[in-house]
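The next part holds the structures, each set out as structure tokens.
You will see subunit A twice below: alongside subunit B first, and alongside subunit C after that.
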Partner chain A sequence: MSGLNRKWTVVICLLAAFSLLTSTCTKKKEAYKVGAIFAITGPASWLGEPERNTVQMIVEQVNAEGGINGHLLELIIEDTVGDETKTVNAVNKLIEKDNVLAIVGPSRSGTTMAVIPIVEKAKVPLISCAAAETIVEPVEQRHWVFKTPQKDSDAVIRIFEHIKSKGMSKVAIITGTTGFGDAGRKQLKKYAAEMGIAIVADETYGPGDTDMTPQLMKIKATDAQALINWSIVPAQAIVPKNMRQLGMTIPLYQSHGFGNIKYAEAAGEAGEGIIFPAGRLLAVDSLPDDHPQKAVLARYKKDYEEKFKEPVSTFGGHAYDALWLVIDALKAVGPDRAKIRDHIENRKGFIGTGGIFNFSPEDHNGLTKDAFEMLTVKSCKFTLLSE
Partner chain B sequence: MGAKNRISLGVLVGGLVLLPLFMRNPYYIGVMVFIGLYSLITIGLSLLMGYAGQISLGHAAFFATGAYTSGILTTKAGFAPVPAFFTAILLTACVAFLIGIPTLRLKGHYLAMATLGFGQIVYIILNASVEFTGGPSGFGEIPRIQLGSILIESQISRYCLVWSLVILVLIFSLNLINSRVGRALRSIHGSELAANAMGVNTSKHKIQVFVLSAIYASMAGSLYAHFVTFISPSSFDLKFSILVVTMVVVGGMSSVWGALVGTFLLGLLPELLRNFRDYDILVYGFVLLLIMVFTPEGLIGLIDRLKGAQEKRSLKAQAKLS
Partner chain C sequence: MGGSGILQLIFSGITIGSIYGLVAVGFDIIYNCTGIINFAQGEFVMLGGMIMISLVGAADLPMWISFPIAVFAVTLIGALFERLCIHPLKKPSILTLIIITIAASILFKGGAMFAWGKQTFSLPHFSSERPISIFGATILPQTVWILGFIAVVVLLLAFFFKATMVGKAMRACAANRSAASLVGVNVKEIVLLSFALSAAIGAVAGIIIAPIALMDYERGMILGLKGFSAAVLGGLGNPVGAVVAGFLIGIVEALCAGLLSSHYKDAVALIVLLAVLFIRPSGLFGSLEASRLKKF
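Right after this comes the complex of A and B.
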């Protein structure tokens, strides 16, 4: 009899322990699921890889500090390979299968444009890390779409302002035939007319090209006072080399797509003196200590470079801003897609790596031309342009 | 059509009807939609490669012609999607006909080079004619297809549309193969010289099947444009041409069923491999390698071989019994 009793006691104790265990399990809050899609492999991996590294780093940091209001952050990362069909499938998966609260990415303009109809229909906030302005315009058709990279038009304006301040008015442009290069070409032509600058040569090159001498020969034959090279692919580093070989001495301007120190390294000595607009991330060391962005930039740069042993690029910074915007919204409003969207749309004074974001229903980018600094290459390093 | 083909077709249609009942998640249906689009192209390529023995590394160009014609006509010229669909077919057929006359005189590697060159030319045109095609940025806002009162917008409606078309194309192709034209095509694959000597108009038949495969690709292109509603040149590069050829080769060139098997495998594989994260490409390559090493005639060859072995076994068993 007593033996039986003891047996029952053990069983009851086990049951009690088990129920206690399960109850503590259920008490733990459900993780917040966020999707991330980047061109991690494929022809645009130089964009996607730093972006992927960055978001992984943020998730580790956030979860190590106890998550968002006690909820762990679960990031589901998908690779687009820079391919539109794959991106469409990946976004469908994130929305329908993983049921994510928001999506960060894609890396490229084309892949972003391909998934905008999907997120608009499914009503999921998407914070793109791609450049083209059509991603957030017209804004009434981009209810659920935001982007963190600075505007092309602002980069163009900064370049033209600098050219004009030097008393020049005739420029040649050479652009890459990618979505980024093409969008830049359109903006350059648009603002040249408005700002009284004449484009005397308009050349293009393919992303896989290895020699731009023919195009530069044509430009050399014109009376251009400066050359603007607008591209985001590694091929852009060949232009300064070819210019040097041809003995061209006119100043070379690059776009914000030059914002990876690897490009300056690829250009080598020929890259010295290149002028380009970029976010402040690349010149954080030469920023004054009281600059509002200094703390964010310095922290990101230090964390990233310590962890991955490679220099930060502005592209990783776009993903940094995008994911922190989502985390910021999750902290404030919790797991609700519509509330997250509304929160981002009304977010003011968000200090990111790309600038200080002031979103509004009319502006889903939130940055102005002040987000850019004019930088130059000096001894294979990016520094603030002094004049 | 043959009893075997009828059974296979029945199994396919049955599977396609039952599938949405079990897979309710729109994501899976969406993957099946893309497999359907690819199938349209690979069925045509299988006719061209497997039956007529001609290779094409430029089918992305016909896919692009369909997509861009539909896209431009509906967004800029005010066409409805359905008439645009047929205009695209007509235009693609004309382009394929004109390209086919000189290129199909070539053989082997030269034909591969010529079609590859054609594909690249179209790709460059799409990139360079910015005013017309939107250039490298592409263009969006392509309207969705309206069939009567039904707007083809949900994944399931796309699934029904694209797979109905695949079944129609498949029935047409199977009938073609088992007709006089089909026999003529196979004779070209066997020996063009012998076929000519037997009075088969080889150049005519080669161009016919080339144009037909281009038309299938154009259909897929038009549907792609209306489904995704955004197109840019990067979807129509050499990589795409190689992908569809790989689908046909992996599945097996000996029949159109091989093309379908290959399309299913290579269409599903990237989705199934998502769990492998960064290693998905490695596994993908490994699977392709295994298939090519162990079944150089394609997966359909493996099925035939298994069937052959089974028949042999049953014959042996019968022999033992008697």
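Right after this comes the complex of A and C.
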């Protein structure tokens, strides 16, 4: 019996301490509440984890410097597990229970699409960290929705432009069978037709595949002048290795899904010379000092890598841009959902990690194809492609 | 596509298939002794590869020392798993045991995610990475290593089951557990041994494929699934059948990807599996009579 009593005493003490803690907090200026929903665990955790780390880091920095106009920033982070139902629940909770001013995330395109009707109805600004273009289009039905990642189609256009500048017109494509690979395959086919490029071979591979020589054998037998490998799964690093095994010498282009130095390391020597479009975060060291993004990128990279002892990823960068957009709006207009939305929609020249954002009522992404830079792999490092 | 093209596809199929086969052998050993499918088999493969990568990469040990340590570590994990999760059950039903192995696979995966993070790791090749040219087709030296290891594992297993007392006891358990225990075989210990042995084989598979297939915490499930198909196709409980079926699935996949279209390769492999099971429910090499006596 006494053990039970002791347990209750502890619980009551904890409750008392907790209420004391919260009441002292409310005596200051009221904190600004912002929601963050990321796929922190589950199959898309490699997206959600750096995003969560990034926003936590920003909140610490902002509050250490005295908050936003004297108001502390309170971030309520929810885990979506990359699942649509859980994301919907999390967003409902953030809006109804926590009464947040804006929401940053989700990490994936599918989960973002699932919550768009909710935020549109509740009139809460949402800044997604997912890539699909349908997130912000058609824009008249996306009044409250914005996104920070660059467009897939711009990556495709940059690759095709580079291929054409080399005087090539016939390409082979090999794509992963996941959502990212499949969306890329559709974009590649669509823009190839528009830009006068012939796709002479179209192959796919699964995320668990260990050998792509059969697909590459087929491609080798065509007159393709270049190969585009569009995938986000680790298996993409096997393609350059198999190409080398088969003695294929045509240039290899990869998607922005290659933007993880681990993949270049996994490809080893075979990965040298791969060309791919990516945000400038990955090649910040080789960026000229007078580039307008250099300061933002260098600071984020340094802060993140010192704090978490792991390399920055572009995904964390998307969350960085999204949260700073909200903070920027809060500074300017204060805690009003409609004013925050209007401020973001009219924001021009916002320098983020993904590019320089110029939002408008017609464009809720604010980035052009110039947000991508063509990078290459040199001595197992990402560097800007010189020509 | 000429003759050398076909040969290249067959080499590719052998590379893929050998991995399926080795995973399938692990399934068979536990199935033989307990009558259950160990859905954590793929995780043993993943753990073997990951521990090896840590030993070689982080601890900077040479390959030939890391190899036995990694295999031993996974063997221990397999044995502990049996002692802690399977052994304590008094009268387990087959279904309970299978659900336990599913739970264990989730646990192993989660543990690996915490231990190694979500990144993909690579292991250096055992010898040179320069492809060997045979009749105009190329094969990686690592594939030769994989085939060599499979041959050794299969031969050792055959010797173990045919010529040693313990191996014979294991086969006795497989044939009839009550009868085996009546003639003095300690069934519980044999079950422990079967888990340790299949964990060890899984670890070997994970280590030898890591240089070409790369390794991450999620790899186990996919490898386990394909390995399971090979085990079923070869006739559950038949290790030699498992290896042959693994090669068969691998070669069918490779030929489909190379000659028809890679979009359908997984589907074609599954159709072949279904077709075989439709005609021969006991698998390619399973005995129909024996399969009637088993629970599934």
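By our rule, the second predicted complex is superposed on the first by the 359 of 387 C-alpha atoms of A that agree within 3 Å, B and C clash if a C-alpha of one lies under 4 Å from a C-alpha of the other, contacts with A are read in each partner's own complex, and residues count from 1 in each chain.
The definition used in the following text is that a residue touches a chain if its C-beta (ideal position, glycine included) is under 8 Å from a C-beta of that chain, and two chains touch if they have at least 3 such contacts.
Please read these numbers as outputs of a predicted model, since none were measured by experiment.
Chemist: On the A-aligned overlay, A:E30 touches which partner chain: subunit B = first, subunit C = second, or both, or neither?
Modeler: neither
Chemist: Go through the superposed model and pick first if A:Y263 touches only subunit B, second if only subunit C, both, or neither.
Modeler: second
Chemist: Determine, under the contact definition given at the top, whether A:E194 touches first (subunit B), second (subunit C), both, or neither.
Modeler: Neither: A:E194 stays clear of subunit B and subunit C.
Chemist: Scan A:G181 for contacts with subunit B and subunit C and give back first, second, both or neither.
Modeler: Touch partner of A:G181: subunit B, not subunit C.
Chemist: Under the stated touch criterion, which partner chain does A:E305 make contact with: subunit B (first), subunit C (second), both, or neither?
Modeler: It touches nothing on subunit B or subunit C.
Chemist: Touching subunit B in one complex and subunit C in the other: list those residues of subunit A.
Modeler: 204, 206
Chemist: Which positions of subunit C touch subunit A when the two form their complex?
Modeler: Residues of subunit C touching subunit A: 1, 5, 8-9, 11-13, 15-16, 19, 113, 117-122, 129, 131, 138, 140, 209, 212-214, 216, 218-219, 222-223, 225-226, 253-258, 261-263, 265-266.
Chemist: So in the complex, the part of subunit A that touches subunit B is made up of which residues?
Modeler: 40-41, 77-79, 82-86, 88-89, 92-93, 95-97, 109-110, 113-114, 116-117, 121, 132, 134, 177-179, 181-183, 185, 204, 206
Chemist: Taking the touch rule as given, give the residues of subunit B at its contact with subunit A in the complex, in rising order.
Modeler: Within the complex, subunit B contacts subunit A at residues 25-27, 30-31, 34, 127-128, 130, 135-138, 140, 153, 155, 228-230, 232, 234-235, 270-271, 274, 277-278, 280-281.
Chemist: Under the definition above, what is the set of subunit A residues touching subunit C in their complex?
Modeler: By the definition above, subunit A touches subunit C via 43, 45-46, 49, 174, 203-211, 213-215, 217-218, 221, 234-235, 237-238, 241, 244-247, 262-263, 265-266, 268-269, 310.
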